[in-house]
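Should a chain be cited, it is by its letter among A, B, C, D, E and F, assigned in written order, with residues numbered from 1 in that chain.
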């Protein structure tokens, strides 16, 4: 598997575990709501994940972008659709979003390769 | 018609006209792209407008929120769907988004009344 | 009572009620956590409210500033302490915070007058 | 004189006075540095004020925009130059800057009228 | 000593020196005020550093977070208190703050280990 | 040539190519406007690039800062002028801009060395 992907996932999982282990009630609830927000509802999970992605881009958080790219990928978002999300983010958020778009494209390619070659051989 | 709506639309139209009349090529092109971004494509205009709304909320721009609320309303977004957009925005962007959500709810109500009573009598 | 105070409180209460009435589970939980976060814990409510205020200032949300000013006032924050919070906010957040500081000072004065003259006569 | 201008200036002056009267050393120094930053140096005051304006626009602070518009006006910035500043701000900062541009254009017009008709008759 | 800590401190010290050596009066004064802001006053240094930390988190600046984590650690902030600061930051600033919280937890652990094993052997 | 410079330029060029190859009309136009915005006009390219730099600093985007540092360097901005841009950015944007200033100084030094020793030997 692509090193960028495993590195992101492992660090994320390890540190989230530590945050939850600290047993702060508010932090635990925020994590909990986070899961609920993107569930199927009046809007589909796919649409919600696309909204999570566009929000992460205009707020310029690379890790949040990676996370929502993974979720969008799971939800079957196509590369053409992805670039329309990028278009909204770069228009509304400005060219300041471009460097994050570059890194998003790189991560998206890694996610696509992972599907074609899951064992990473 | 609701005063809040007409006030917003009139000021917006009047000032946009002045901006375009200044004849700055870059500004004119930005306005032009803005129209193109939300056109039907791989993603529907409805989904794009919802992404425009969520971006405006996390970036906390009341006028942009109003504009995209109008567009979402035109696209048939339901109140239940709207609150799921608010949920993503308030989760990702934090409670700092709540005051903008309050004003968004007020504007949404005005848009709904406008449909029921277009002449504002 | 000062008109600025009642206007803020009434609008806030009215719109919060509408948001909760919409019955979106995520929004309701966010409101719920909000209450919990500032409760006495390892840190006092006073310290947490001061942190809520400084966060609202650097993120430049006037309504959030007003809300936390009210809470700080209830917690017995003195004017001298308040200006030390403003100092941190203006240093870390930059002079872009100054206009919000001006409005915060105005609201703080209204809160102080309210104590001296609660009936607003 | 235009009401928007006097209202802005009066409120700003009155509240700044109160902030300085509170005698917080850090706040006073920040105000002091603010004056120094825009003085003639390796770069002219005009260029620095244009940079103050573009920063205020991308950070989306209407009062800061007004302040730097006044200073740019004093420094002889032309309307054509102004729109090139707006172009940079709207490109880098995104369409989220447009509503602030609308209000900036309105204030700029007021500043221009003030010159033509200083007594406001 | 933990490599992450020394790397951060060394780079910070080296570059701050260069910035001050450039002899720009405004930059030097900003550095100077920075020291003054967190001194004991009406509020304790501990409370001010906690406010510096929460501001850095909602503004999402990892290096600023590291710096204030060091100061909070020096001031005897406990891990339980720290998570209550994180709670305020993640509530007010939203889940966009989570990745910064993950990195903050990692740095906090390094600071704690440093105390137990100062020579880093 | 300095490794930091080549790494930045190569990654930037490679990923921009991929973004443009995706053939999204909006993204292509945004790239196109980007070029136009900084052309000589009522304001010089030098002044516009300085405004691009100060905007990137207050919005705290390291890659955008690097890009505009390169352009400012090409336009003959002196180190003394550069620090006056930093002064505006750190004053308006706050101490949260300091870590980005540290990295900007490092990149500026690399750009200066590149001129003295273009082959990097």
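Everything that follows uses one rule, which is that contacts are C-beta pairs under 8 Å (C-beta built on N, C-alpha and C of every residue); 3 or more make two chains touch, one makes a residue touch a chain.
Computed from a predicted model, the values in this text were never measured in an experiment.
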**Prompt:** So which chains are sitting against chain A and chain B at once?
**Reply:** C, D, E, F
**Prompt:** Just how much do you need to spin chain C so its Cα atoms sit on those of chain D, in degrees to the nearest 5?
**Reply:** 120
**Message:** Relative to chain C, which chain's C-alpha centre is the most remote?
**Reply:** F
**Message:** So using the touch definition from the top, which pair is joined by more C-beta contacts, B-C or C-E?
**Reply:** C-E
**Message:** Which of A-D, C-D or A-B has the same interface as B-D, meaning more than half of the contact pairs match by residue number?
**Reply:** C-D
**Distance from chain F to chain D - Cα centre to Cα centre, in angstrom** = 25
**Message:** For chain B versus chain F, what separation do you get between their C-alpha means, in angstrom?
**Reply:** 33
**Prompt:** Approximately how many whole Å separate the CA-defined centres of chain E and chain F?
**Reply:** 27
**Fill in**
Contacts with two or more other chains occur in chain D at residues 26, 30, 33-34, 37, 55-56, 58-59, 64, 80, 83-84, 87, 90-93, 95-96
**Complete:** Note: in the complex, chain E contacts chain F through residues 11-12, 15-16, 18-19, 22, 24, 26-27, 30, 34, 55-56, 59, 61-64
**Complete:** Listed in rising order, the residues of chain E that touch chain D in the complex are 25-26, 29-30, 33, 36-37
**Asked** Can you name the residues of chain F that touch chain D in the complex?
**Response** 33-34, 37-38, 41-43, 47-48, 50-52, 54-56, 58-59, 64, 78, 80-81, 83-85, 87-89, 91-93
**Prompt:** Which positions of chain B touch chain C when the two form their complex?
**Reply:** 60, 79-80, 83-84, 86-87, 90-91, 95-96, 98-99, 101-103, 105-106, 109
**Request:** Could you pull out which chain B residues touch chain E in their complex?
**Result:** 58, 90-97
